[in-house]
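You will see two complexes here that share chain A, one where it goes with chain B and one where it goes with chain C.
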Partner chain A sequence: MFGDYSIGDLGAIFAMQGFAGLILFSVYVLMALGLAIIFGQMGVINMAHGEFMILGAYVTWMTSNAFQSFLPALFPGYFFVAMALAFIASGSLGMLVEWAMISRLYKRPLDTLLATWGLSLILQQAYRSVFGAREVGVELPEWMMGSWQATDAIQIPINGMFVMCLTILITIVVAYVLFLSRWGRQVRAVVQNRVMAGAVGINTEKVDRYTFGLGCGIAGVAGSAFTMIGSTGPTAGQLYIVDTFLVVVFGGAASLIGTIASAFTISQAQSTMEFFMSGSMAKVLTLLAIVAILMLRPQGLFALKVRK
Partner chain B sequence: MINSRFFNRSELIGFVSLLLLLVVILPLALDIFRLNLVAKYLTYSFVAIGLVLCWGYGGILSLGQGVFFGLGGYCMAMFLKLEASSVANTKIQSTPGIPDFMDWNQLTALPFFWKPFQSFPFALAAIILVPAIFSFIIGAAMFKRRVGGVYFAIITQAIAAIMTILIVGQQGYTGGINGITDLRTLHGWDIRTDHAKYILYFVEVFFLFAAIVVAQFIRLTKLGRILVAMREQEDRVRFSGYSVANFKIFAFCAAAVFAAVGGALFTLEVGFMSPSFVGIVPSIEMVIYTAVGGRLSIFGAVYGSLLVNFAKTSLSETFPQLWLFGLGALFIAVVLAFPNGLAGIWGDYVQPRIDRLLASRTKKSGNGGLVANGAPAE
Partner chain C sequence: MNGVLMSDETKKGLKSPLRRQLMMGMAAIPALAMMPRPSFGAGPATSAVNTTGLAVTDSEVTVGILHSVTGTMAISETGSVQAEKLAIEQINATGGVLGRKIKFIQEDGASDWPTFAEKAKKLLVNDKCAAVMGCWTSASRKAVLPVFEQYNGMLYYPTFYEGLEQSKNVIYTGQEATQQIIAGLDWVNKTKGAKTFYLLGSDYIWPRTSNKIARKHIEGHLQGCKVVGEEYFPLGHTQFNSVINKIKLTKPDVIYAIIVGGSNVAFYKQLKAAGIDMSKQTLLTISVTEDEIDGIGGENIAGAYACMKYFQSLDNANNKAFVSAFKKMWGEKTVIGDVTQAAYLGPWLWKLTVEKAGSFDIDKVAAASPGIEFKGAPEGYVRIHENHHLWSKTRVGRAKADGQYELIYETADLVEPDPFPKGYQ
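Up next is the complex of A and B:
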């Protein structure tokens, strides 16, 4: 399969496919970060996670439209406002959902899966009714368009680079919040021993609510970043949800580093293979490999040893 | 308490009323178009009954039942398609004698895995064996390594995704997104006529009651008791010396075979099979039929699949917008408020009243009162 390409071509192909893989990696990481917090820390399976992401994407789209019509002078910077709004919108919806639904189901993790699936159906239909079934795309500000010519054969799009930088930034923030801040310590204490954490004075209900809200908020930011590289439709979230769950499970549910490593492996494997075979076969092979590895090593790549 | 009788009183009433409904009332009340729809819904009941065993009793939530439904359906469809694409029927193709979609995809010979499906006994055996072996491999790989619960659900869901992508992607071998269509005859007997549809409906109802009896049998044996024990306290069962993994594998395989029988009958009733019955969404919908009917009730599973599908058809005919809202709300309501579904509502509210009514009428008989449904406490 390599026969028709020269060495230089192959190098360029691998570099560009590698970069395409990095963009996919960014989307996976952003989605998986929220999920890793919700699923890894709280043990809740949020099947509506993709829909929280799409909410962020729609908020971004609305913000960009609002800036275009009312504040055209500030348009180049709209994205940062949109990101904050997306975080707030998805995060507050997440907290509402936690209060109304999830908080009643902590003892039945399989049932959270069904209930959140129902939620995802409702949200999808709501998006379809409000925004229409057609996919919408945001207009990128000028500085994000175009691409950077690294060599003759290698072109790297600027919006892709921007999304990647954003991913790195958000990952660092999440890692800081979870591992160094006081609130993060409370979250981890509740995860490790709920009763004991309550006994030492942590308000576990509040911690649960904010944790779920944070996870959903990050999904909203992910959706915001997603608009930079693709268009948004009511069911776009569902396309990624299974992949993202596999990313989280493959990485080891409670491990942040594991999530990032597995997102990297999966996205690179998929995008490199995509060049040499059909997209669907690349996806099938990647997913099959993950399932096979998970059967051999059910705890995932980086397993945290906790007493159950 | 092991029942000395195969059905206790309320189960017998349930069995007989379902029999009356499906064999007498529905065929008399509905025209053949509606009856064929009922037949289509009933194929999902097989899946739902399998899920009652596997999920309700065994506690193993599989989100990949569509895969087994599809495997059964495709095995049947492959046989029917080969019969429909005889050389005489397909002489306009560049390669006569192979299914039309293969010809469109420039295949010139029948792929090797299609060849055995020219034999009807092989196809029938494959409907049972292919899903059984496949589910055994998945189950053995996972349960022997003590993967369960949430992880199992996610992995079966991934398998459903893989299966759909594979079927859609390999158009030349599987018919792609359209599936295998234009099925005509079974051993020369035209399955598209109204008369054939009536006969197929009654064949299906026969199989359904066979499935109910088998499921009830599994439930009442010691095996069924161990499944419940495993769901409640897995470690205790393990420490008592039972091989938990083997029981789980059995429950999963049984559910897969039930689903496959449903899939094969679906192909016969509806006349085609496509990847839209395999993927993630249909698989989760199948879980919903079980949840709505009651995850612990075999009869509930049948009613659940009938009701949800009936609601789906009538709502999406009149208010297509509302259907997804309704389905989503149904999911949430069932999970939050009625974890035991319709059967739970029946057992908690309706049954006691009927019993009280009966008891007040026949005061002399002492054994009225509540009949234990075999439904363990949450």
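Up next is the complex of A and C:
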């Protein structure tokens, strides 16, 4: 298929294709981080993850409208405010949900699957009733649209680079919080042995609530960022949920490194294969490969040794 | 949950003060302004116009509306529900059908095909609806078709679709695939000198069948033209960077895109972000109406061409009256896409057919349908073909940043519907 093209053309395409893979990688990491924290650290299967993302997207949409009406001069920078608000909104809703629902189900982990799935349906219909059934268009500031012309032939989407930077930043913050801060140590203590952690004076309820809130908040930020590349509608969260679970499960549920490694593997496989064959076929092959690997290694790519 | 919770639009539709607003909006239609206040119950005797036990009384006739107002398809079907309610209100305001007021029963298909079939059965068997306006996706239509044929109902189906179907019990008020596709390809070949085409689509029956017709036409009927790529993506796919790179590599004259749903938004946003300038790269789509542009954002798709039969911006008296009545009823901000307009035709075509047949009986309505003309259609004159599809014009519009299409081209004559095109299968 490359016979007809010059070396320069091909070089440019491969460079852009490399970036496409990296952008997809960042998108996957960003999607999966929130879920990885909740699923990995708490063992809760949060089926409403997509809806927490969409809450972030709707918050972004409202912020964008508010800036256009009241602060048009600051519109170019609204996105940063929107992301902060998205984090707060999704995080607070997450804490509320944890208090009202999840905290009652820690002894029945499989029931959380059903409960959060119900929650996702309720949230979808709530969005539909509040914001209408139609998709909303989030207007972006001019500087975030278009592409950066690296050379004559190479164009890199600006929103893609934005997502990449955001992902790196959030990953670093999460890694710091979980592995180096005092609170992170408490979280890990609770994960490893809840009873003992309580006995040494850790408020396990509070740790659970904040962990769940953090995971949901990150989902909100991801949703906010995805208004740049995807749609915002009541059921748009469903577009992401399958890929998100795929990344987390394939990586090994309790491992942050695993999530990143798995996002990298899946995104590179997907984006490379999509270049050489049709989108549907690429997806089929990716899924088949994942199924095969999970059969050989059910615990995922990276598994922590946890005392049961 | 679907029975309990209703969307905004549904609630609005049930309020009666709308009726007065509507009457005001209707003043725009001169013929209607002269009408006296409608009085119902003056039509022919019920026993004469209803011999099969439909829900027809001396003063009322019941029809069904069957769309998804919950679930994923609510995004698309909301506009159709709104248009059908508007048409019914307008018909009632001008005296109803055979002197009877139209009463509607609305059911929610909930974006779930078995639910559609079940609700269709309820509308036909329990409610004895004289006609049903409904369905949007081909899957939902295929699910209800056996129900309509078994219980002998009448369905008015609004969406443009892949063809390969014809039924006594269905009137297809949208375009079938050849009507929508061929004229557009001819136009882009002639005026843009396009020779190479890259076909894209979501992975299900409508885009695949449509692209098959497009490919046959490009390779068989257009001189020296070829397809340089053809690709499908799972529904809900959100990452298009790889295919955009492929498009950059193959440099087709035309990107022919039939992507639907949430994927649509992702595709156009990423196309724009990848630096593809639609003023230089021709893109022709048959799946983006004004409704979809709302979600995509006008600035992301400005410059793309769409090929269908109706645009909200059409400049004719019928359409102006329709658009202003629609906005009065549903709000200034609502937009009207191709399918919404086709849905609006359903109740009107049914009324005209019933009046020609002089009866509500399904068999008589089905038999009277071919040849029915509707001169008041917003898209302009339409007529029902022997095969129960509509003769209609095909138009090409160019998307503007404000979310509207500017009309670029329309076929001189009505295009004949051909649901089983020879040489295209």
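Going forward, the second predicted complex is superposed on the first by the 297 of 308 C-alpha atoms of A that agree within 3 Å, B and C clash if a C-alpha of one lies under 4 Å from a C-alpha of the other, contacts with A are read in each partner's own complex, and residues count from 1 in each chain.
We adopt the following convention: a contact is a pair of C-beta atoms (placed from the backbone, for glycine too) under 8 Å apart; a residue touches a chain by one contact, two chains touch by 3 or more.
Small disclaimer: the values here were computed from a predicted structure and weren't measured.
Using the contact criterion defined above for the overlaid structures, shared-chain residue A:Asn159 touches chain C, although it does not reach chain B. Touch criterion met: A:Ser129 reaches chain B and chain C at once. In the superposed model, A:Ala20 makes contact with chain C only, not with chain B. Contact with chain B, but none with chain C, is seen for A:Pro109 once the two complexes are overlaid on the shared chain.
Looking at the shared chain after the overlay, A:Asp9 reaches chain C, while chain B stays out of its contact range. When the two complexes are overlaid on their common chain A, residue A:Gly137 makes contact with chain C while staying clear of chain B.
Legend: residue contacts after superposition of the two complexes on their common chain; A:Phe275 is shown touching chain C, with no touch to chain B.
Of the two partner chains, chain B is the only one touched by A:Pro298; chain C is not. Annotation for chain A, partner touching more residues between chain B and chain C: C. Residue contacts after overlaying the shared chain place A:Lys283 against chain B and chain C alike. Counting contacts as defined above, chain A residues 121-122, 125, 128-129, 238, 278, 280, 283 meet chain B in one complex and chain C in the other. Across the interface of their complex, chain A is touched by residues 1, 5-9, 69-72, 74-75, 78, 203, 230-234, 236-239, 241-246, 248-249, 261-262, 264-266, 269-270, 272-275, 291-300 of chain C.
In the complex of the two chains, the chain A residues touching chain C come out as 5, 9-10, 13, 16-17, 19-20, 23-24, 27, 121-122, 125, 128-129, 132-140, 145-147, 149, 155, 157-160, 226, 228-236, 238-240, 270-272, 274-275, 278-280, 283. The touching residues of chain A, when paired with chain B in their complex, are 43, 45, 101, 104-105, 108-111, 113-115, 117-122, 124-126, 128-129, 238, 242, 245-246, 249, 278, 280-281, 283-284, 287-288, 290-291, 294-296, 298. Put simply, chain B touches chain A in their complex at residues 61, 63, 141-142, 145-147, 149-151, 153-155, 157-159, 161-162, 165-166, 168-169, 280, 284, 287-288, 291, 321, 324-325, 327-332, 334-336, 339.
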